[in-house]
Amino acid sequence: MAIRERLSGNEAVATAMRQINPDVMAAFPITPSTEVPQYFSKYVADGLVDTEFVPVESEHSAMSACVGSQAAGARTFTATSSCGLALMHEILYIAASNRLPITMAAINRALSGPININADHSDTMGSRDAGWIQIYSESNQEAYDNFIQAVRIAEHKDVRLPAMVCQDGFITSHAVENIELIEDDKVKDFVGEYYPENYLLNSDQNLSVGPYDSPAFYMEHKRLQVEGMRNAKRVALEIAEQFEKMTGRKYGLFEEYRLDDADAAIVIINSAAGTAKDAIDKLREEGKKVGLLKIRLFRSFPAEEIAEALKHVKAIAVMDRSDSFNNQGGPLNAEVKSALYGTENAPKIINYIYGLGGRDVKVENIEEVYASLFEIIKTGNTGETYRYLSVREQEAQ
Amino acid sequence: MEKKTNINETIVWQDITPGGDILASGNSAEFKTGDWRTDKPIVDMEKCIHCLLCVPVCPDTSIPVEDGKRLEFDYDHCKGCGVCAKVCPVNCITMVPEGK
Amino acid sequence: MAYNLKKELAKPERLAGGHRMCAGCGAPVAVRAVTRALKEEDKAVIGCATGCLEVSTFMYPYTAWKDSFIHNAFENAGATVSGVEAAHKALLRKGKIKDDYKFIAFGGDGGTADIGFQSLSGAMERGHDMVYVCYDNGAYMNTGIQRSSATPQYADTTTTPAGTVSDGKPQGRKDLAAIIANHNIPYVAQTTFIKNFKDMHEKSEKAIYTEGAAFMNVLAPCPRGWRYPAEDLMKMCELAVETCFWPLFEVVNGEWKLNYMPKNKLPIEEFLKPQGRFKHLFKKGNEHLIANIQADIDKRWEQLLVRCGEKSNIKETV
Amino acid sequence: MSKITEIRWHGRGGQGAKTASLLLADVAFNTGKYVQGFPEYGPERMGAPITAYNRISENKIRVHSNIYDPEFVVVVDETLLETIQVTKGLKKEGAIVINTEKSPEEVKGLLNGYEGNVFTIDARKISEAALGKYFPNTPMLAAIVKVSGVMPEEKFIEEMQHSFEHKFASKPEVIEGNMNALKTALQEVK
């Protein structure tokens, strides 16, 4: 039977890590992910895991050590946030192109500057093209469940790519909430042991990793890497199905909430989705047909499936918790819009940048978003498509 | 263990090794750098005392050793730098222009 | 056991030919000398910072490395190999592997003393059981001879060109071996290619077979960057040692030891003269520049003699 | 949507308001509730005013925003009444609990005309009597449990006994003092 617990999001992923008992964990503290290596090093200190914990001197070295360790044949985890993820940036690409299935707990926090320790998605969105699988989590429960599944998705022979499991800094990472844990042995059985095909410490077969790659081969390597990312979508669903059998908790590429008959919908990621669900229930009681689509797997991006799920909607607000500074909107907006391109009678789409640097998102804020969508449906006029939610501004003259 | 590299510029992406991994250790020997040479070392085996001082100074691992004696140069890989000729205490290695 | 070149050369080579380093390059000579100190039966994983050595020895689909090998990036060979070493420890403990391995990282002076300095410092401080070898050729040779913190004073490099109002690199060399020695690791050595490689071999052997972190600073001349005739590789090393530009020493558990005392310390001109990168120093009117270099060499040499207990520091005041 | 009890804590960094909110989440969790306990984070250090929150419900909690219109407010340090508008958004059918030696009538003037119920408790006196030290947490926790009625008092006492036995396994001598502080607080809040 599931174990009823109350944990913060950080303790939840640390617990998943303990249950999996990786071979190596290399990490450097950065708010708000710091607690993850703290919890984990306590597990090491108390002999609850026999992992080699490498307390590196920077996130750059954390990711570098992860690359060395995973290439050596060891299942390797790390955790970071914000500037730490940015410092890893170069090596994120190397981990992915070397096809090393490292698993990371990414605790979302705004990127400097100005320096800010609170949640937004500018950190992981900045890494979106590094070749990592990205899975986003609304709650501590999802962060825990997703981490367990991510290890298997990453290591699957048809995928072989690193994965980051994202959740909102402080909002879920430091909030104690109810959670259902899975028994240790069940998690261990579900995730299994890591047996890579080739690895540096294989005494039967030496391996060289990380070549200089000339134009004659580079593109074939990249194309092969893309195939791993394409396969990630199928593999994520297969593993979600097995996970559901074990826990009864269902995961897909994304979650649809009261979307079936919705006229107005929002597309959203992470913790604010929960707040939005409360707003939806409230508006539904008022007879308004509203719903949401919460993206779980952002890399690879399930474009066709999203387009299919949204095609009946009249107006959509894509909610971005980071900006792209392209004067068009955020990264999620660009992806969702292009997913819907070519759809017959495509819905009208606007983009809201919200919640930057921990700006709180209330139920009422989400209600405002739906109100603007109904205005668009009513008038047929989309108006400004690039909008900021809850930003103080001069009133229009 | 793969003995010879079967990867060349006609390979399709489906067959290439993930991440550029290479399993055949030391297979660079299949790549001939001997044609980089403009000067060629010639060893006079009559004069050679097999002190082996020329062996460790070779950047290209091109002086094979067997039973404590140096063998003929590995001209497939020797780039003709001439470091070996300089360290030979009995001057048994001469550099001559390639092709002569 | 006493060093015997013949016996050492009977072992199989661990670096194959067919790599794309320049003719006469010092770096592969350093690699061969270090890896020769591995016992034949011992397995190793070699790591390498981006640089000439890496891009030339592992150009897809060819690797010159006969051992397992990993390249990650320019600035992180220390961290990368510490990750491999941590994996080894974990996998042995968990019974997933059986074999013992040795771990050696190679980096040029740029990847070691500059961009990779933090990663190296971290790896040494954490005490991973590995050897980090800096093959110092005194500039960023891979990108085309730009100055590094290990470039000697007044060297003409592509980012410190000698010109009408410039004498070349204004600053002196960073003393990398001393800095790493101050990490209080069990073994640090400075060496280069001398005669039958006895010094380098013995130091490599100690570095590899000392438990914990070890560091070697190896002068590896670059004929292209230094602008001397390629065949003079061994001569350049000899001059570097005889002029005390590159003293041979080791630091064993904090004890400094001088390994070679030149009978007649040669003037630094002997080392500078054959190198095109110092050509401007020999123009009339630039004598003071050479004097400056000589003064710096003398000062550092005296300090080293004191550190190594070859000379008492009578001027020392606290 | 089911009813969610929302509580806001005001304290100073280092006084344990965050810990108290987590403890409340803990005991409520142990009585079978769905809970949230979370502080509002900033880079502030010891002594700075801090805010922490609780949501307690019979049903799953999904909302992830701060709490703006709480039903209950707990003030762990009465000096905050001078500087912070502790009653902001506080529902008038709710209540505020303040750690002070004064009576509710005496502090009312500092509450910006708040019309709801005001409770006070001298957590310092209780803590010092029961524990010999000033730990306002424990009495404040008992006070809010009583005032909010989020769980029956007997159940609360029982859960706290378990909780302390676990928490202070290595120094059982402090359990009794803490339990006494709780019990006194339950009686003395007024």
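For reference, chains read A, B, C and D in written order, and residue numbers begin at 1 within each chain.
Note that in this section a contact is a pair of C-beta atoms (placed from the backbone, for glycine too) under 8 Å apart; a residue touches a chain by one contact, two chains touch by 3 or more.
For clarity, every value in this text was computed on a predicted model and none was experimentally measured.
The most central chain, judged by C-alpha centres against the centre of all protein C-alpha atoms, is A. Pairs A-B and B-C differ in how many C-beta pairs touch across them, and the larger number is found at B-C.
In this assembly, D is the chain whose CA centroid lies farthest from the centroid of chain B. Per-chain Cα centroids separate chain C from chain D by 63 Å. Annotation: 78 Å between the Cα-based centres of chain B and chain D.
Remark: chain A and chain B have CA centroids separated by 51 Å (rounded to whole angstrom). Centre-to-centre spacing of chain B and chain C amounts to 24 Å, using the average Cα coordinate of each chain. Touching of two or more other chains is recorded for residues 7, 20, 22, 25 of chain B. Residue positions 206-211, 213, 217 of chain A each touch two or more of the other chains. Across the assembly, chain D contributes no residue that touches 2 or more other chains.
Because contacts link the chains in a way that matches no line, ring, star or complete pattern, their graph is best described as other. Residues 97-100, 160, 198, 205-211, 213, 216-217, 219-221, 223-225, 227-228 of chain A are the ones touching chain B in the complex. Of all residues in chain D, those touching chain A in their complex are 1, 22, 25-26, 29, 34-39, 41-43, 60-66, 68.
On chain B, the positions that touch chain A within their shared complex are 1, 7, 9, 11-14, 16, 18-23, 25. Residue ranges of chain C in contact with chain A, taken from their complex: 43, 45, 47, 54-56, 58-61, 63, 65-73, 75-76, 78-91, 93-94, 96-99, 101, 118-119, 121-123, 125-126. Those residues of chain C that touch chain B in the complex are listed here as 5-6, 9-10, 13, 15-29, 32-33, 36, 57-69, 193, 195-197, 223, 230-235.
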